[in-house]
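Next, two complexes with chain A in common: one pairs it with chain B, the other with chain C.
Presenting the complex of A and B:
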């Protein structure tokens, strides 16, 4: 019962927290009304967040769909469509009590049948991450309309971190059960229980979402409307924010150098909270099956050679923290992060790197170089190019001559994850809500899967680390789970199949007239129900 | 020339376009097969990763698991009934997507054509009349500067000056998404949003047409028929408007016809800077997403557009120069 008890306390604490939040909020009262214009880049290909986890899709759809839970900055669950929950001692049954009186935007009530349908028929089958997240769920039982019981083959504690409206949207069964879910006509005409109703999507222009007057949170949302605009050009996006034509942009929609410029304007504020449940990490990925990167000393040497502070200050304009290992320090509140690993972020990194390369059998030749490689650059924009150029220089200091290569996204993905035709590439991996969801895929040997993107492209594996990760996947005791992950981090950091460089804190550019925009660790993958305009 | 023959000519030309458009489609289809990576990997990449089962599922759904010639055959078969296929990335039929984006592009194109042709011809005409005066020099220098300036820079500068500093025009978009005007207010709002993109796209072509018109005017003025007209005792004004001007227009019209294709390309830049919801942006996005169905649909539509515009240009010739016969 220890686990249940801890959750009950967490629920209670969060409840009190919300109360305190409301009372201790800004002295001015929240006002009703106003339109918030969010800029999202690029335009989402679809609004079906149950079938695509592309960032722009979630930025729009999370305003329409609720999840069973919400999350606080401490990553602990908060009641949402589920009022309360209990987890059985063996961790194989999770019972959710649903909130009564919740209605979908078409007026039909939300019940346990919708939960059952969403999880078993949609998320478990077609959601890119849901296939993994809900792999252990064998059934969702519906003893009554307000109770949903998850039956699990094995305990899966990470499920409790993956039930937000962004990650696991609750869909209306009566709409989505008809026809093929993969090409459903309501993908682009979403109907959920969220604070904003979908009105119109004009391609290439905007998505219009109007206030849901029947939202189940009394008095919310404050805003009349949220419009999500799509502006292809970087400079124009910044101009629209500067002029006040648009009010919120985040998750990389505005380049970091523009963020620094906008920050100085009187009508703009920059929020850096809101990456805690995404935990994006910038890293270098080595092709560990190919010389010279099959030698751990070479990988360690490069890990030592990168000056993380320089990269953070000059390329990411200060929006980040040094990364220490495979698990982001954002997991510190849950106890899963451990700093007790090989520390590559040291002042004498270059000397250590040179020593390691000498030991590895790559002495400097007459021209001062040891060997040559091609360094692939993640094709996600300017800061990645800068990072690639920096890496090239950092490697030159330890005698490695790197040629950089920048291709388009499709080509780069194929090269890295299908053809494995690379030496070393920069990479961008989100740790997500739990290591099982975001970390195992990069370092567990089960995830060496040719043709699947953003998995173990380094093709590195360690039997002991695999075993520990498998144990942690089903471990319901938080202390034991933390110990397992501490050892995983030690093993992986020592072997250095990747060089973890920085944990990015996404800056969100917000017009000062708008308040309470970022209120969750899910950044703007949230529903803006509490956002308001002065 | 009988009016019946003009109608017959247009019909004949339209029939001739069929193999042209078909050829364009086939060549594009085959060329796109050469690009590395496919839609399934891009979708999975955008999603930040996906299991192999999911990617295989996608490929089977897209029909990418079949041989290329079968994919091409299926595409052509559907094309006959104007079924351009389904964009899996955008979760919508390609035809609907194209129709949504067509009219903003046409609006921008027509406004640009009218503005750049109208003012270009006028500027060229004036420069030719004022040849080797300071006015001619001013027009010519201005035309060269505008011609040499990159489109994206002009666009950004116009936003900076007229939108951010002076606050006369909105930065981007096609209409006000806070107000959502209706009726005539909406028309006025769209016109307001249209000013800067049209101006940006027009400036380049305006300069081109002005230079072309000036050169063409000067060339025509030296020809024998002008001397003849003058000998007949016609006034200089009448010579310019009746004879020289009409003949000088021919190369400009030809150029305008050829450049409609380029206009769609140039509008990619302008549409992206001003967030104008046209075909150009759609083409750009679908290329990087390897959304071939959509991309082929766009190629098909622009091929049709270019063919139609060139047909119009050929018909316009007849009215400008009676010596040209059709058929």
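Presenting the complex of A and C:
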């Protein structure tokens, strides 16, 4: 039976995506020219965003490489290198119509062969997340230079959320097909179709990217140049922004307390949108195979005991929202988020927690404590230390004596994900562009994988939740998929293998002279094609 | 000729130092009584200005800074003194054995000492903490490990000069064993430089402990001055007292110990006896 003739026309408009949602910007006319200086910390080890998902890599490379799609703040796809697309009814064929006349920075045209090469030979093989994202893609067919057809073994709706220039860069086949992709010399001399061309990387100082005059979006980009500077010292980074020597910094390059200080300056604005496709969630992860955390009541008690507002206001400087469950509320526009779950963020949380612990069979002893645990603190710095100290106090109120342990990253990862030698650890996981990519790994029993980091270290699993997640992985109907995830959230939140504390909104520090810098849910993992200087 | 006591206590700087250290010792012993709360307890609104309820304000989580300072005195002094005692014990042992037996043993022990001496001590302490993982005991171990070489050197030098004296030779003739000669005859005569070096070592230990805590490598459940500075440094512009108060405490304590150490040196040095 052939499905090709039965394409559902589940498609967006053709080519009008450009500037479609620039409405968020001011009503003034955009101006050409100017150099934008972005501060990135630390310096990336490579510019090969097809092989490394480290944050600094994407912050630079996303300006050079385009993806098939872009995304709006509602997480819906917008045409980019793909002008339009159709998804077959059975979800196993996705056909992209590519934009004609797009040229790589070396002048060669962009065609479906490049799509095929990028997905099949690079992303599916060497991209740390692409290996999962494109696991179901069996072939990319190229009936003509402007058509790329993805053939899937099983439906994979999440692929449509993972085609940005940051997540899935489109590489020029004629350059990257020669030699070994893992050690390719053009990793650090990137050639893409993006609004800025790579010019120079002076190690320890900066990467210079110049305007691509032949960019396929007419009249864009507005800026003449983007310079990405690497400044090792925290105070110097803040000072550069304060003085106006640097114009954009985000994703942790400036510590929260400095952000708060810079926010008061007249020349600085703070943007807190732009984490919608990253969705970091701070959580406490329990070792659910070990007493006392094998008892769901104990896990629920701790979930109740944390005052999320206190943590957000006093530790994360207000840059966050209370988290309610395994899926970030950033997915609300797509319908995948559900607030209809056990609510742990209640005013009488401490009383409820005490009651649950009594029921669980851990009465208070003479000294007021019920039991002792060790709390491993995520070794990522200041705010995690404070969070550990706060948690210690919060648990003391419900009779749990928690001693804290602070180790280096490698030891902590090994303890948590290989040796499982922990009681409770703080952590944060990014929900990414789709629950299949960012949420399943934390709560699906298939992701109990000893030795793999940032997966289901709680070693919790539920047959029904697993089944629902497996269904949602291949479900192409948005409503049914939402219903499946709603049930998953209910089950997981009730069992509380993790205590979800807050959803972090990364603040981006922006010089007021620059406009339309954060225009997408991918923060500064975007290409700045619409950014302009007053 | 003046006595040791009069030369030591007659020095006004020693007086000042002793007064400060004495009060610290008092605070350290009575911290639980003076501030009967867990210094990590969240007791007030975060970042409160100094007030009647919280004379030194509260920190970013609403913890009483005064309580932290008082309890920190105990932790800071305890870690520094224990680390110094460990360093002095080990350094004295190595130095005494090397100096007394000489030759190959001396060579071996001194090369061993130099190995530790050539590594920048603070970096070495950081590495040790990273390997051992931060805890109060490990901080003591790390500080002791980087501080004993100078002690070993001093003791070895003293033992070398003392062991050729007649009373030592007499002890040998009298048939005393090596251990007896070392412990009863030689070491008591090397005490004065050891006391001076050891007392100054306490000051260094406080600084190393504070620096480690500042970097977040101190014992996580122990409130110390360095920890307070480390936790407060992000708020220097908003709440200056968070870092300034424990900073001054460290400054005064290190200064007091140095003044006492110098006073001891002056009082114990026979060449200065009649000055």
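Keep this in mind: the second predicted complex is superposed on the first by the 508 of 534 C-alpha atoms of A that agree within 3 Å, B and C clash if a C-alpha of one lies under 4 Å from a C-alpha of the other, contacts with A are read in each partner's own complex, and residues count from 1 in each chain.
Here, a contact is a pair of C-beta atoms (placed from the backbone, for glycine too) under 8 Å apart; a residue touches a chain by one contact, two chains touch by 3 or more.
All figures in this text were calculated on a predicted structure; none of them were measured in a lab.
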Putting chain B and chain C on the same copy of chain A, do they fit or clash?
fit
Where does A:389 make contact in the superposed view: on chain B (first), on chain C (second), on both, or on neither?
second
Rounded to the nearest 10 degrees, the Cα-centre angle chain B-chain A-chain C in the superposed arrangement comes to 40
For A:516, decide between first (touching chain B), second (touching chain C), both and neither.
neither
Determine, under the contact definition given at the top, whether A:255 touches first (chain B), second (chain C), both, or neither.
second
Thinking of the overlay built on chain A, is A:408 touched by chain B (first), by chain C (second), by both, or by neither?
both
Partner touching more residues of chain A, whether chain B or chain C
B
After the superposition on A, what does A:210 contact: first (chain B), second (chain C), both or neither?
neither
Just to be sure I read the superposition right, which of the two partners does A:177 touch: chain B = first, chain C = second, or both, or neither?
neither
Please give the nearest C-alpha separation between chain B and chain C in the three-chain superposition, to the whole Å.
7
On chain A, what residues does chain B touch that chain C touches as well?
408, 411
Seen from chain A, its contact residues with chain B in the complex are 35, 37, 42-43, 45-46, 48, 52-55, 126, 128-129, 131-132, 182-183, 187-188, 202-206, 208, 227, 229-233, 235-236, 239-240, 242-243, 245, 408-411, 413-415, 417-418, 430, 441, 449, 451-455
Chain A partner contacts - residues on chain C that touch it in the complex:
38, 40-42, 46, 60-62, 130, 133-134, 216, 220-221, 231, 234-235, 237
Residues of chain B defined as touching chain A within the complex:
35-38, 41-55, 57, 61, 86, 89-92, 97, 100-101, 104, 152, 156, 159-160, 163-164, 167, 170-175, 177-178, 180, 271-278, 281-282, 284-285, 288-290
Touching chain C in the complex: which residues of chain A?
255, 257, 261, 313-315, 377, 381-382, 385-386, 388-390, 392-393, 396, 403-408, 411
